[in-house]
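Got a structure for you, questions after.
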């Protein structure tokens, strides 16, 4: 599946809720930050993807296990491994860790769509994972 | 499974992103609003649940299909049906609709935990769905 | 200054933070919801404003006093009074109340800009407050 | 006033809205991240401040000028300078820059309160700015 891309995230008040932990929807923000930084690290920042290639990656399906809560001030590490890659879509395995502890585990299905009509379209950039799945 | 509880939501700028649609994590906020209003409609607003019963409902797992995007100004309807109910947990089937269109479909597993130690604990209030599953 | 437009808001977990209160930035969301509903009540929902008139209202300046915290489950009332209105801008006095208590007080300066170039442009719809300021 | 503390922020989809720019309330999140990192850089991360000293910094008043919009993918720099410091409160001058451009300018009044009763209390840690204002 290739190596795990990792991106650090710090937990601020904005991320937490009155139960004293990170609000569950906010882990999806963290997951998206890691996906964005992964693309940027590959040389494909988001804004040009939309401006020059006219495409947007959209989440089609997400499965998320919330194992343990993150708390104010935690230094987290958000990971991404490409599970599979096809012409117009991508499955990412993602997790949120605090040191060695896995707090959140996720499987995220993404589709590449054209920014104008929101229709599935070919991924216009080379992404790693493709080669790994070649026979 | 019992009848569908429905709660209306309006899409504001705060909910949308630069792709012109509701940001994917924000549907999880909508889902939680409907769960909160469902509990409130049953006579159990959140704050007393925590204060008097010392419990919090936490999401253990969520599976979400993002079928079509919601947009600025949309009047949405967020639904909840109890799929199953046990001593200390609950599975909710939820969706987000715009009129007859289903935009988002979700299955959400919730656990009842004590607010102090975050350990699974018995749901301290009667919830519908229990009877439906009695033999 | 005309009468106070009021819009109800419920505090959910998503709005709160680990200090047990509504996160300070989230009051600005509440203020915007009330502005949006005020425009809608005047017959001008946001999406057509942008689509048909090609304009967006943007906040140029905000002054906000955070007097008392709102908490999980609170039923709030968000208000708006037009303080002044000119050709291409608007000043709104807004507040967030819990019953008779004023929790937050704000003065918000808005400009009407064209959606394409983000330049100040004439407000394309009649707004109350205009007449009140006519000599 | 002392030197400007700076903290980098990247704009993600989560920060933007359907007008294609950073949603106005989200600049207040950026301002708070910089305040938190400033305290951490001084040796005072937030969580111990609350746990060991029993205090929270709360925003009493904010004045914010939104000069130019930030957009998806922007690399921003959020600054903080202590304008004044007293026994139980603090005024911070903050801004959000993109390169040399100032996008947002803010003046934020903070109070130190005890976490239990939310009453003003002495700032329990040494903060720079105090000495600067001693005669």
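For reference, chains read A, B, C and D in written order, and residue numbers begin at 1 within each chain.
Everything below uses one rule, namely that a residue touches a chain if its C-beta (ideal position, glycine included) is under 8 Å from a C-beta of that chain, and two chains touch if they have at least 3 such contacts.
Source: prediction; values computed, not measured.
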{"item": "Numbering shared by both copies at the subunit D-subunit C contact, with half separating same from different", "value": "same"}
{"item": "Most remote chain, CA-based centroid, reference being subunit A", "value": "C"}
{"item": "Centre-of-Cα separation between subunit C and subunit B, whole angstrom", "value": "28"}
{"item": "Whole-Å gap separating subunit C and subunit D, where each centre is the average of the chain's CA atoms", "value": "23"}
{"item": "Centre distance in Å when subunit A and subunit C are each reduced to the mean of their C-alpha atoms", "value": "34"}
{"item": "Junction residues of subunit B, two or more chains touched", "value": "13-14, 19, 25, 29, 32, 50, 71-72"}
{"item": "Subunit D - residues contacting subunit C, complex", "value": "19, 24-26, 28-29, 32, 50, 56, 58-66, 69, 115, 118"}
{"item": "Interface residues, subunit D side, partner subunit B - complex", "value": "13-14, 16-21, 23, 25, 71-72"}
{"item": "Contacting residues of subunit A [partner subunit D, same complex]", "value": "10, 12-14, 29, 32-33, 36-37, 45-48, 50, 71-73"}
